[in-house]
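Both of the next two complexes hold chain A, though its partner changes from chain B to chain C.
And then the complex of A and B:
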């Protein structure tokens, strides 16, 4: 970075004024007997974005905090951050190359779709059963492993989508069986502290599955072949709109997308459409949403909550397995692969609001963009790649500090 | 009589552990001692985690991260801070009571560059001595770093629901691992940071000299730390703080309504257990001689949890005994065997077995094996006493009933 001192002093300025703004604005609203629920957050955003210039009028005027007040300052914060970055590091490939930037955005969207799908599974489990599954990453890993073993070892030459379906079926069954065998005591008060029990028992499952797969398949990395290999093709003839090659697609000469990831995103979007159809158009899906809203009322209308718990856990695990199954063609796969995606899913559901399904998907897209920005823009690419889990943790810390209920959260 | 059995067994166990290295005369002396030292290390971690989780109800997955923070603080001090009797002139240094505190510049793992201390050694006169900081100081610093991070995380997360702490600590230990692996210039990454032995010049106990690689002094250091940990944990559990912890574990809202400052007590126990883990990390790091980021993988944390759960979460001594038994069990299950012509890699399958054991214990024996056994003994004792009382006064009992 060329002017790192400048960058870090802007960051320091933003943090200091953010902290001052949060304290002072809440105090101002509190002293005038106004609604303080959003005062601290708005104060932080206004302080960080404008420093004293926005805070002083806010302090003396104390306007009613409308939606505009809650959202607009955050775009100011984002803009200031981007501006400081661009000014302090003009030579960075992120700043100087528009093509790289658009490719990163496209990649972020693609990966974000898959992250969203995986986090959706975790959010589904939380919204129905009220627990956070710590074995989510292992189901992701198993999904990928099944696709690899089916396509490369057991049935080579078959359609890989069949393997994806098999991975879904297996993860669904394992999840549902686990729920039946180990999670039933938390519904009827047979364990004293259900939340803690569920954390430990799903963590135990994660440990068990990880080493079971390592014992069965070995600890060496595996990599599945790409689902489809695109023919070389360009349109129009000079390739100014679309050029395809074996591993890449180039759009408008500027956006580069890797084919396996694009295929993964396409399958994810299809799966998402199927999930939405299931949740909103079928009896079972409506019953699931009913249980998520009010367990007792759903039971009164004849929905068996126990079946719904089993279905929700199985579906949640299946979504993780699906995310792994479509991504195994893009990354190499180890029994330990699941840890970082699991962590990312945790961050996403906290960012989106625990138990909120749209929140999980929007959070997934945001997380994809943040990781693409982090991996692409931070100088020193090897370090940027090894700190991949850290971007999520920065987001998690900010969310916990500013809005623990997340973007779409219902209550604390 | 049954009632005092656990205490008698405990006293017997402590006496056995104190005398063991002096009386043991079997083969593989160093190997057996090493097993015991490792078992004590895990017992410290498992019992302190049991206090946090079983008494406080705070399920943190960051215990190994605090251990590693302690170990890495001590390792960095060990490598980059040196006490010297002569000024180097090339390094950053501070004069202290006639000797010099020298900050050595890190040169990383892949470079062959000469650091400032090695340069100075070339031009120094004869008789200049250098040494690392005293062990107690580095233990204090390591524990302080662990406790400091514990305080920060506790302040951020402990006011929220239980799942947030678990989520955040998983992430924290993953980041710490990423940072240690990535900052090769400072921590030497996956290659690991070398650490000097606990007694670099050897030690003389009761007239017998033990070299720096002898196991016996380390055994007693680790045993002492283990017993000290148990004393601290038990007194904490029996104090007012322990009472508040159990209250807020059972019903946080009710405890808060009765005036217990829940966040404060949760944070206190979180910081204390983090400091204990960090201390164990410092000693273990110096004993093993190297510390690598692989201590932070899921496996290590899962082992500590499995030990505490199988021993008994709500009893720190049971968790410690469980840890000792399991760490020996892990060692004995290490040998591969051949079944139907296939070689079974036991180093993986034993972990599968312990994962399954962890889940089954949680599901069917929620008090753990050892704590559950103790409770069963206690119930039998109470039952026997009640029956004896009834038999002694059969008539008054029946008359009162009428």
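And then the complex of A and C:
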């Protein structure tokens, strides 16, 4: 970084004025007997973004904290951060190359969509059953393995989308059966410590599935062929708008997108649309949401929460399996492949707000963007990709400091 | 038939050397074998090493064992993780009661575990751990067959300097005890040759390289050198190819994993023209012993040929067995004395450890890293030149002394 002193000075300014803003704004609202629910967060954002210039009017005027007040200052914080970074490191490729930046954003969005799909499964399980499944990564791994074995070994030449459907069916069934066999003791008081029990039993399932797959298929990496192979094509003749090759699309000579990932993202979006339709337009979906909101009230209306538990766990596992099924064409696949994505999903659902479905998806997109920004823009190339898992954790820590329930979480 | 004859002859030769004096030893004699058999270690390499070590043990036992005792191989899974390496080394020594240890793939595992073996007086002959510090510490019980990282780095740098038109190189290295020093030494070698380089480091288990690949692409390198083990290397190569900076677009060296042809082509379908460093005799210079081992290995594994790490693993066990036989005891100090004096005609060539207690690095006027180091593991650069080619048939393109074919430069 060319002017690192300037950058860190701005960061210091933001931290100091953010801390001051959080303290004095809440104090001002409290002293005037106004609603202080969001006063600290708004004060932090206004202080960090504008320093005393915004804080002084806020302190004296104490306006009603509408949604605009709650959101707009954060864009100011982001803008100031980006501006400080750009001025401090003008030679950075993120600053000097628009095409690079656009490519990173596109890749971040694509990966974020897939992260979101996987995290959505975990959030669904948590919102209905109230447990965190530590075997989520293994369902992701199984989804990929099923697609590989079906398309490359058992039924080569078949449409890979059939293999994706088979992966969904298998992960749903395994998840639902597991819930029936091992999670029911949580509901009827057969175990003294249900939370610890759920952690141990899902951990056990994770190890069992990992080593079962390793025992059956070996530990060597496998990879499915790309679902779609594009012909070499360009339009217009100079390729200024679009150029396609077997595994890559280049748009406007600026955005480079790998087709297996793009395909995976498209399937993820379709799956998300299907899930929204299921949750909001079908009786089963509405019943699931009812159980998530109030189990006892749902039971009074004739919904069997036990069936909903099984459905939720199966669906959650299926979403993880689907994410794996569409990504096995992009990455090499191993029995241990699910470990890192599962850890990322845990971070995402906490970031988005435990149990919040929109939060999980938005958190996924945010995580994709954060990782892309970290890998692309951190000035030191020996650290940019090495610290990839850390970037999400830093943002998670900041969010939890300001909003312990996560971005979309509700207070219990 | 010829192969079987050679194998039998080799086994009989070992018999006379190993089985003659049945001196005091607890039967069976147990030898430990280190191999990464789970991710994030290089599973491909670990499975190859395990198969090779088993072949060595079978040959030894077919020849009557050692000191009149059958020999047992106890293979442990290091997972490529230092902490796991320490744990399994302790287990081998304290629970399994091994008298010596062979194998070993990751430098970080070797560095973490060697002190335990040295402190407890158990000789270790490392097969595939490259970090210079493994031997530079001059520990009495530690030996190595693999090449030194600094020597391989010199080969990489000299090779890059020989590639026409290369001025700007990107080195992608794993952030481990293998990748970090090896990449730094390569950078120094390139600098000496007037070539600029940038090092990107990544986690050993990284799956998604999209962010870093876009950044490398923006650097417009003339060549990419990978210093990565494990499946991450497959992911990087394929994703780079999809982004238009793969082995078919500019000169790229893949790491040793690429020698596993079947796994390589399955995971990196766009990986043609990649260069790989290969340790051990070039195919044209195979001895009868090498040919016999390869035949046994091919029969046991169903692969096309034996990889260099398989040869090293085999030799590490055979050299230990010969040393025990020559020592007439399984006592650690006696075995070390025998190893220091050994002349073993193995599949890698004639193995000796000329820099030792009687000829210290100071006396020999060489650097400490040559302590207990096999001085002449031939290091060559080979190149895949046809889709689906076996690495054994890939021509040696560097150094000129071993060259069997001309390199194909993708950028020309």
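As a convention for this text, the second predicted complex is superposed on the first by the 408 of 412 C-alpha atoms of A that agree within 3 Å, B and C clash if a C-alpha of one lies under 4 Å from a C-alpha of the other, contacts with A are read in each partner's own complex, and residues count from 1 in each chain.
Everything below uses one rule, namely that a residue touches a chain if its C-beta (ideal position, glycine included) is under 8 Å from a C-beta of that chain, and two chains touch if they have at least 3 such contacts.
Just so it is clear, the model here is predicted, and its values are computed rather than measured.
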Practice task
Identify the partner contact of A:93: answer first if only chain B is touched, second if only chain C is, both if each is, neither if none is.
Solution key: second
Practice task
Once the structures are superposed on A, label A:340 by its partner contacts, choosing first (chain B), second (chain C), both or neither.
Solution key: both
Problem - Which of chain B and chain C A:331 touches, first, second, both or neither - result: second
Practice task
Could you tell me if A:214 is touching chain B, chain C, both of them or neither one (first, second, both, neither)?
Solution key: both
Exercise for the section: Determine, under the contact definition given at the top, whether A:375 touches first (chain B), second (chain C), both, or neither. Expected result: second
Practice task
Answer with first, second, both or neither: which of chain B and chain C does A:258 touch in the superposed model?
Solution key: second
Practice task
Give one of first, second, both or neither to describe whether A:386 is in contact with chain B, with chain C, with both, or with none.
Solution key: both
Exercise for the section: For A:191, decide between first (touching chain B), second (touching chain C), both and neither. Expected result: first
Handout entry: chain B and chain C footprints on chain A, overlapping residues
Key = 214, 219, 336, 339-340, 382-383, 386, 388-389
Practice task
Would you pull the chain C residues touching chain A in the complex into a rising list?
Solution key: 37-40, 43-44, 46-47, 175, 198-203, 205-212, 214-215, 217-219, 231, 234-235, 238-239, 241-244, 263, 266-267, 269-270
Handout entry: Complex contact set, residues of chain A against chain B
Key = 131-132, 134, 181-182, 185, 191-193, 195-197, 199-201, 203-212, 214-215, 219, 336, 339-340, 342-343, 346-347, 350, 354, 382-383, 386-390, 392-393, 396-397, 400-401, 404
Problem - In the complex with chain A, residue positions of chain B that touch it - result: 53, 57, 59, 61, 156-157, 160-164, 166-168, 170-172, 174-175, 178-179, 181-182, 249-250, 297-299, 302, 305-306, 309, 345, 348-349, 351-352, 354-356, 358-359, 362-363, 366
Completion exercise
Contacts from chain A onto chain C in the complex sit at residues 93, 97, 100, 103-104, 107-108, 111, 214, 218-223, 225, 245-248, 256, 258-261, 330-332, 334-337, 339-340, 371-372, 374-376, 381-386, 388-389
